[in-house]
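Structure below; questions to follow.
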């Protein structure tokens, strides 16, 4: 299952010329306001007929200006959660939710539907109309409506922006499951680091209508060159490990080439491969192996490169047993510790800062 | 300048009964989706006439069900950035922006208006109509429209939710300046930790229509009891210090009762009082004073209390020279380090994790 | 009450009601279709269709009646075709009165419905399409219900017009008691005779009462419809 | 062309145009006001006002004309009052024809405008209020422009109706050449004479051409208006 | 000076011709207003600016006279008329009293039988013949005599009873039987000056209408002289 896309379109004062492949998993479209994210999503959904485009989903061509092919939106089976909720104002929440069900060739079972409704916390709202919902409630109904239509590809345009953290924390695992179990590709527009790092398998960076960078999220996020574009706080790296065991005190231990890594318990069977993300912001460097410290993860590393930014910080690229790691520290500390390519030191990572990151695995974080 | 509010209102299936005082500065309304935030904001704006309410802004009563007083929305001079942008679809961006200007008794000067337009990045959009704007562009116009109407109180309902980090980073300092210079109270609905910690002076926690907790943001956020309600990642504490000096390498040094604190350069004159926020998530504990480590802030602390959560973590309340600090570490480390009330140890805080937090001071973070 | 109006007048009232109801009900489907086409499609001849729909409003009613007679009369092309195909004749029948009323009310109905359809946000229709709904279903479940205020308005305008239509009706189907003597025809007849104003007034009152009742019902329906859409 | 229609006919065309234009222009302000009141306010007697507005649609036009004659004639209460106060008399004048046309078109106009005003999102009006705009300003800058499609529709319906109005006009202001002989009245007179169908047909064609022109202009205006609101 | 005439619509052609000639000869201006007799009468009662009222039957003139809206002393009958049975292409019929023979399954168009003069006279004649009840179900009533003529002319209806003057002007129909004047009240077109008539020219034109010049034109359009009319030949 994958989505191939190339699209050219001009609006007055804005030119879009983008192409990328979204493989299985979650592809996050990332870019500044007005960079063309919604426009691309609309083309995929079949709501905007661009000047020139070719869009195909797992080999089926949905739109091809060369041959004139154009599959209408209704026959694409693509779920779309709009940036504005776009609920049907005259229908109850229940009717909104079930609107797409009758057209689905593979309708969701009652149990599955009920689970979605419960996860989204919509049970008490079913008889209301959209006019009587709060902003976040509307958005949750919109998500439910798209999910219940049983799509084969899901488009989500900043679906969680208006939700509180607690609600996000409830919905994110579900999206992860969707990604992992249903193997439904997701094209996801988001501004949120947390969502990107939790969900994304592929990251497409848009800049003024063009793809600035696209690729596996680990590559894009750990590229120190992209740090300014992504925002320094978003930079980070990925380590791959194997689940060694689950400890009683709520921790999971991984074995990785970089060393043992502890993180909050993850629902993955021992032996499973797991990816974890470590934000550059969360890494401390020490000249000597620190003792009696609350951080459980201390990795022996070698400095590969140091990149100076504008502010007081530097971005340090590290090698940890063959894996790459990023650390963002002050210039002063870098000088004090003599951080320069070739220098060996220790990277300290708080257990609780390690975020599990699962691709194609039945692995989610315990809440 | 302050806002006093008490309001009771029933919707079918939802009862609001809330009251709080919003002093000068930014009061953030915080609470889950559907907890009544927008409803309260609507009452303040004069758009919803609740069952019972009393609202006064710096002594002027805007609404009082007891006396039947009700000042219509148009005469309240309260700017409102709606959760949905609500731009006037038939007017150009320019006309939307200037709509409120003619009614303002204290209209903004051309230079000031131009600055706002530039800050919001609207210069190139002025002749467009809202139908041709992206989601984030719409929201920026909505913010500009409210600001340009020269209000004496500003209501913002998740104004930045649909903006990218870079744009947020541009707008936040402006809101801070607004708070500090114009001494305009802001009632601000937000789900974002970053916004809360940057902007809030007062935090009002809403839970199912009631005020669960209200008070200075430092008190609310550093209350370990509220951590589950706020989300553990949001908990943190505040230290007050005096600007000692600005170093050449982009760091600012504070003297505080807890010791010297380094943080990224802040635009405050030496001698100015400054508050900084340290998230519990970002604090490491060590039994001994670590040497040769990239973190510049090492504080000698004494454990006051340890609060066990559900997961693998514990919340540790610390005393640092009379100031309170919170640290979130794993249970395992707590046991290993013998963390218990009375234990003396060291708190390690990365320089780059210290966020400046200005109240009533001309202090903002350098970008 | 039966003493107040004679049996012939009651007959006229009953007939007018029947004519107005059928005229309204039967012109609704084509009215909605034409309104939708004018609101949402681009096609050659759109301006002509629009003009044609408005003709009965522009022309003096007598002319419209006369044209109908030319078309649907015993010698008219459509009249002959109907007669040959189905053995139906509508001239001088109440069915003809309903046709005349429907045609006279058609521009009012189409305009109101078109206005409402144009006000339906096409982005909602697009949203429905992404959920897999075929165009016709989207129309029936999104466009139509959201345009309901306009459809109601169109229907009530057509009904009221049908209750009051005189010129086209009497020209096309004449004034046959019990068959085509509608209330306006009866009123007209009374007005031709010196001193019969009283009788005319009684019929005027009856038609006002009937039409006000219809208005009231439509207002209440409209209120409920818009409350539905606004939420709660 | 002057050879094709006689000077009297041209007079009738010019008069009809004048009557229809004035009827439309003068009924717009009250039409908008009444439509707004019906759409947005709650007040006692609202249902009665609504009924009153619809009366001219419900009643046979001749009855409306008759009532106008009774009210505004030399013996009528309003006629006498106008005469006494301003020395104005409108019965049997073209001004009376404009009044009759305006009243006959009023329900059509009000309904269309009301429909459009009801479709304006009140949350936009609320947003304008929070910007400090007084109600009247909000109405003029938000409600009115957004209701423009309906106002255009209402105006074109009223204009078309005014061009075609016959029953009320001839009853109220008669059929005086150069003063109150509108195109429909002239057509009527021709139709009363055997063999004059040709002359009637010429006038019918003229009124169709005029009304189609008005329709066309209104369509183009409406298209531009809605393009404006949709963006770009 | 201008004289305003309010005249029944069915007089249009003849009156237009008379007035145009009069205007050419006398230099006066004759403003003609045509509508139904009832409409015009009501308007005159409400102060319409008419100098002369020319009605298609006596009832409305009587009504105005009773109200004092006309000058009774100037009232006179200007022309009279008769009714004929018309069809598009049927042969002449021998006996009007046998409707089953000539009407068959066809319909009969007449003006409103209780309201419009042509219809009232037609009903009176059919009643006198004793066949009204038999014919009534086939009767198609129109709002004026002219519309009944049009129905027959267009073939929408088989037969009609209309004024002889109308039948003569319509080439597509022919009179297949006269209606004897004795079967109905006399058909008269009365004229009078209105109470508000100021112009001297009005009296002059009224006199002209009943004079020989106008008589000739009326004759040509099928109207008969006033007074007891001779029954037309079948």
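Letters A, B, C, D and E mark the chains as written, and numbering starts fresh at 1 in each.
The rule we apply is simple: a residue touches a chain if its C-beta (ideal position, glycine included) is under 8 Å from a C-beta of that chain, and two chains touch if they have at least 3 such contacts.
Owing to the predicted nature of the structure, the values given are computational and were not obtained by experimental measurement.
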* If a chain touches chain C and chain E alike, it appears here -> D
* To do: Hop across touching chains from chain A and tell me the fewest hops that reach chain E.
  => 2
* Asked: When the CA atoms of chain A are placed over those of chain B, what is the turn angle between 0 and 180 degrees, to the nearest 5?
  -> 180
* Select the chain at the greatest separation from chain D, using centres from the mean of Cα atoms. => A
* Look at all chain centres (mean of CA atoms) and spot the one farthest from the centre of chain B. => E
* Please work out the Cα centroid separation of chain A and chain C, and write it as a whole number of Å. => 57
* What is the distance, in whole Å, between the centres of chain A and chain D, each centre taken as the mean of its C-alpha atoms? -> 60
* Whole-Å distance, chain D centre to chain E centre, using C-alpha means? -> 35
* Any chance you could list the residues of chain C touching two or more other chains? => 66, 188, 191, 232
* **Interface hub residues of chain B, defined as touching at least two other chains** => 11-12, 128, 132-133
* Asked: For chain E, which residues are shared contacts with two or more other chains?
  -> 150
* Go through the chains and record each pair that touches. => A-B, A-C, B-D, C-D, C-E, D-E
* Structure fact -> In the complex, the residues of chain E that touch chain C are 36, 38, 41, 59-60, 62-63, 107, 109, 112, 114-116, 139-143, 147, 150-151, 154-157
* What part of chain A is in contact with chain B in the complex they form? -> 11-13, 31-34, 37-38, 83-84, 121, 124, 128, 132-137, 140, 157-158, 161-167, 169, 191, 193, 231, 233-234, 247, 249-251, 262, 264-265, 281-282, 284-288, 290-296, 311-313, 327-334, 336-337, 339, 348, 350-353, 366
* Structure fact -> Contacts from chain C onto chain E in the complex sit at residues 66, 69-70, 73-76, 91-92, 170-171, 174-176, 181, 185, 188-196
* Given the complex with chain D, which residues does chain E contribute to the contact? -> 4, 6, 9-10, 12-13, 31-35, 39-40, 42-43, 45-49, 144, 146, 149-150, 153, 166, 169-171
* **Touch list for chain A against partner chain C, complex** => 45-47, 72-80, 82, 86, 88-90, 99-100, 103-104, 128-133, 145-146, 149
